[in-house]
């Protein structure tokens, strides 16, 4: 199954810009389904980006992050071809990881 | 205080004829009329969602034995269905007035 | 750069120390003191996300209050097209930024997202948040051990929390 | 509810009667002239919104409101329909049980052809839309058809639209009386008021594009289907043309017809034809 993480990492000069879109319902636990029962909270809690063995970005998310969450940031110290490891874990113990090459 | 007595009687009188609670037969007749009008509107492919919900409300009330409300809901459904028929007929020509020329 | 396996807190701190030394080699970064402990730990700030009120959440996360700063450019729409997907971004021109967090005042829980900015990562983030209704969005920035804030009201016509 | 709806009912029938009386021009049964209709339709929008670039009309509400356009452009950097697009690409490549794929059903393997849909099928004597052609392809190859309003259909049309991005809409009306009738029927449907709210498509998308109806900014009718299928934040999911027609009907409290009913196929034919020349911008993201 295709990974839930889409990433675009492009390096220009010493700055690498990273954009990520993750397929995840990010349910708040406040929404009721058609039968009126609350859909339990199910959201990504932590999202980590590692490059060259170092954390370059760590996101702690709550229920107010949109469905199919998106985040963009940039960091220095990497170059084209380096590997960027992205991993997330959610409140139900679900997780996903991919490794992408910086373009 | 003296005036209110005749007033109260007057009110009671005016309600007297309608006081008889609607029974199942009244509901069946009213519902049939409403359903016929609704089917005609559907035939013209111009049904309204509120007609359908009024019909459902009528059925629900009748199931609960509340035939007064069931008749009222049926009458409302019929009126809505008829209005959608009027709309369909008038729009056969009326749409041209809005057309960008 | 040492590439040790097995992620656990102590490894992180060693790495950070090693990283800042390595980056020194690049010559474009002043030698930074070890980043403030408050936001560097790995643990997911469970408590802060549970608090309803913004001030409590900020205190739980950073342990002190913030002062407004015009060095934080908070970019958010005037009227959100949809409360469920509100594009919010921030660019900070303070240096030695170690953490950035977003708060939506009248959401069921004020703290929406909190980001840790290690050495070498630029203090600029874009993300999409949910907003229950028209309220203030606040960005809190921890830089060099001090706390700064910027706030903007975003009008929301259709609440994003559903339900 | 009862007194309010009776009141509404009274006002409605009164309005209808008044409306019928005031339309003086009893229009002679003129010949159907799609070319003239299209020209008049576009000029109406070009004059009403002189500073909107012509190709910008396909961006719907975003061509009408700068603040919304900025939010849209930010979303477009990494759009939420990315997953539907990938799923569509994968489905397009996955052969059916009999080994064939969608590419075998469509000219040019289904790539870069969305701008020619819907087309008038002279054998069938009816308009065939992209969604209908996709399901017919599935049925011809022994597969169950997809729902017209669910994600699978949206993913397929998203991929096919993506392969046509930027190409001008190119709908042809053959010189066949049935095709002209279909175009006219589509136009009639577009301007016909329906539902208890007594709105037609034109009431919102011709008379008041750029204005708000509750929370949303109304899109202009010109090029309104060029971005289909769309990911709507409100549905937090994909929406096909069929889903959009069905929901629009119920919002005016009109009972929707079944998806791909003749009227829907014809109104899609009409709206696509009048948008000829404007670029395909699907799949799109909308509020």
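For reference, chains read A, B, C and D in written order, and residue numbers begin at 1 within each chain.
Here, a contact is a pair of C-beta atoms (placed from the backbone, for glycine too) under 8 Å apart; a residue touches a chain by one contact, two chains touch by 3 or more.
Not measured: the values here are computed from a predicted model.
Colleague: Could you find the two chains linked by the most C-beta contact pairs?
Modeller: Maximum number of inter-chain contact pairs occurs for A-C.
Colleague: Rounded to a whole Å, what is the gap between the Cα centroids of subunit B and subunit D?
Modeller: Each chain reduced to its C-alpha mean, subunit B and subunit D end up 35 Å apart.
Colleague: Please work out the Cα centroid separation of subunit A and subunit B, and write it as a whole number of Å.
Modeller: 55
Colleague: Approximately how many whole Å separate the CA-defined centres of subunit A and subunit C?
Modeller: Subunit A and subunit C have C-alpha centres separated by 15 Å.
Colleague: Find every residue in subunit A that makes contact with two or more other chains and list them.
Modeller: Where subunit A meets two or more other chains at a single residue, that happens at 67, 70, 72.
Colleague: Where does subunit D touch two or more other chains at once, residue-wise?
Modeller: 80, 236, in rising order.
Colleague: Among the residues of subunit B, pick out those that touch two or more other chains and give their numbers.
Modeller: Not one residue of subunit B touches more than one other chain, so the list is empty.
Colleague: Could you list each pair of chains that touch, in label order?
Modeller: A-C, A-D, B-D, C-D
Colleague: Hey, which residues of subunit A end up touching subunit D in the complex?
Modeller: Listed in rising order, the residues of subunit A that touch subunit D are 2, 6, 8, 19-21, 23, 67-68, 70, 72.
Colleague: Please output the residues of subunit C touching subunit D within their complex, sorted ascending.
Modeller: Subunit C reaches subunit D through residues 77-82, 84-85, 87, 89, 126, 128, 157-158.
Colleague: Provide the residue numbers of subunit A that touch subunit C in the complex, in ascending order.
Modeller: 14-15, 28, 30-32, 45-46, 52-67, 69-77
Colleague: Once bound in the complex, which stretches of subunit C touch subunit A?
Modeller: The touching residues are 1-4, 12, 15-16, 19, 22-23, 26, 28-29, 42, 44-45, 49, 84-86, 89, 104, 107-109, 111-118, 120-122, 124-131, 160-163.
Colleague: Please name which positions on subunit B make contact with subunit D in the complex.
Modeller: These residues of subunit B touch subunit D: 42, 45-50, 52, 72, 76, 79-80, 83-84, 86-87, 90-91, 93-101.
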